[in-house]
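Residue numbering begins at 1 within each chain, and the chains themselves are lettered A, B, C and D in the order written.
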Amino acid sequence: MFIRFITTGGTIDKIYFDALSQFEVGDSLVKHILTDGLVEFDYDIVPILQKDSLEMTDEDREQLYELISNDDTTRFVITHGTDTMPQTADKLAGLSGKTIVLTGALTPARFRTTDAVFNVGMAVAAVQACEPGVYIAMNGQVFPAGEVRKNRKENRFEKL
Amino acid sequence: MFIRFITTGGTIDKIYFDALSQFEVGDSLVKHILTDGLVEFDYDIVPILQKDSLEMTDEDREQLYELISNDDTTRFVITHGTDTMPQTADKLAGLSGKTIVLTGALTPARFRTTDAVFNVGMAVAAVQACEPGVYIAMNGQVFPAGEVRKNRKENRFEKL
Amino acid sequence: MFIRFITTGGTIDKIYFDALSQFEVGDSLVKHILTDGLVEFDYDIVPILQKDSLEMTDEDREQLYELISNDDTTRFVITHGTDTMPQTADKLAGLSGKTIVLTGALTPARFRTTDAVFNVGMAVAAVQACEPGVYIAMNGQVFPAGEVRKNRKENRFEKL
Amino acid sequence: MFIRFITTGGTIDKIYFDALSQFEVGDSLVKHILTDGLVEFDYDIVPILQKDSLEMTDEDREQLYELISNDDTTRFVITHGTDTMPQTADKLAGLSGKTIVLTGALTPARFRTTDAVFNVGMAVAAVQACEPGVYIAMNGQVFPAGEVRKNRKENRFEKL
């Protein structure tokens, strides 16, 4: 089994810079999460963006669509900011013959308490267990694209 | 969606007692892992054993089988010691109409670096994405019961 | 032995709010750090501010000075933002008969990798081992007030 | 400032081997603790033993005594198992002109919740703030050698 991970930024990879008292997207922690998870399958990690998902543009989504469309790989896990994750899932929903799972985190992976490790674990299982299609793995659930939204007030994903 | 978690002990829940310089099975950390994972589905946790899996008996497995057999719930995640996890999966393989995922850890959940959180995340996704049947989620993979063994020398699970 | 901890905010207590994609001062983690540190002395924790130290005013420092001045306690550990920690230490340097140690963190205590626990450990030892006076415990060193500055470019404390 | 760290084993460095379901002394985590603590002083780390302190012999203590005695360095932090830490401190108490602080942990440094980081932070502050002599830094306190014992039943250090 081979899984291609694509990282695009978002809260999961946020880092705190004291010098500036700012909080920005840093290098992806997906590699560390997979290493700690003792995974034994083949994979690679393709970093394409380091953005807060509110700053993702239609061009960014188009680029992601093309990248996956032109790739023979059939299993993709995409780490993504939470605010526009459903929007990107919708964009990718047209792709056929591939299982694509988007995930991310509501608390940065660099925090002592974070949902990042759990979520990447979910995505890894979903991408091998689900039928081809596009899914979002967040808050302990695997949602099909088009059937999920982020409730920002409650800061969680829920069924449409 | 409702998931019933059954805890039986194993490395995932091991704790270190300095007073005795020993390492024993402690209270399950599944509740903490689900809380940190920000899960939003309904669940409960049923602790039935606190054993190293090498000490599990045929009676223990029979008890587990009966408990699930007599339960209307259709999704079960079982945390289990790694050494005899495939054996317990085989025992449960006769049950129909239920999705059952066994998982555990090669490093205790109380460690700073552990595969426990990742594995429980995998199990939670697999129990909702997989067809009814019995599975083992370890080392980044979801194995059907009967097709997996623990390679003790390499300390990992692999396809038969 | 009794130690009074005073928390004023700063990076040590910063928390990330995904809803706003912001990073603000949250509840102090000093209590958790002392609990994990298995401390056996008597203490209390007095939260007086939750500020980035760049926002601390002369009035805030005067308030802190008065609070300690009017308090019979002789050992104080103050958690404080790093940017103006030396300035607050200078302000308190006039107080006599008390050992006062300021500390904080360059990375939030809520991070998986942080200097917060190490620094509070240093402060706790310094406040019982040092002569009365005012000190800063950061970057593995115990500096007397007036002999230390934060090098912002290098993001570390160093001897004047 | 230069500090020499000597590691001898003990709970602080214990590691869990699932293959054997055993718990043994592993490589020292002192280097990681100092790195996370963002220390800026000069130091080195000298590993001399990897033992549970109940297995330390008179010869081991003599070796440690000779090593420090023949060393020009004046500041030593020794990580040590907790059960016989006071005994080793007594042995070293005859050395003059050096500040020596022993510390360790009641819970392994590899655990998510551990006193190890806090304790090493205390030791680092004590070794620069204390008069020459031998000390034990545990449970939030800096005890002079000869005035402290481990209460095994309560699993903590206390004043004699």
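To be clear about the criterion, a contact is a pair of C-beta atoms (placed from the backbone, for glycine too) under 8 Å apart; a residue touches a chain by one contact, two chains touch by 3 or more.
What you see is a predicted model, and the numbers here were worked out from it, not measured in a lab.
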Looking at the contacts, which chains touch chain A and chain C alike? none
Average the CA atoms of each chain to get its centre, and name the chain whose centre is farthest from that of chain C. B
Tell me which of A-C, C-D or A-B has the interface of B-D again, with more than half the contact pairs shared? A-C
Averaging C-alpha coordinates per chain, one finds the centres of chain B and chain C separated by a number of Å equal to 43
Per the centroid of Cα atoms for each chain, what is the distance between chain A and chain B, given in Å? 26
Multi-partner residues of chain A (at least 2 other chains): 106-107, 112-114
Okay, what are all the chain pairs that touch? A-B, A-C, B-D, C-D
Which residues, counting only chain A, touch chain B once they are in their complex? 1, 33-34, 36-41, 106-107, 113-115, 117-126, 128-130, 137, 139-142, 156-158
Would you mind writing out the residues of chain D in touch with chain B in their complex? 11, 14, 16, 18-19, 21-23, 52, 54, 82, 106-108, 110-114, 152-153, 155
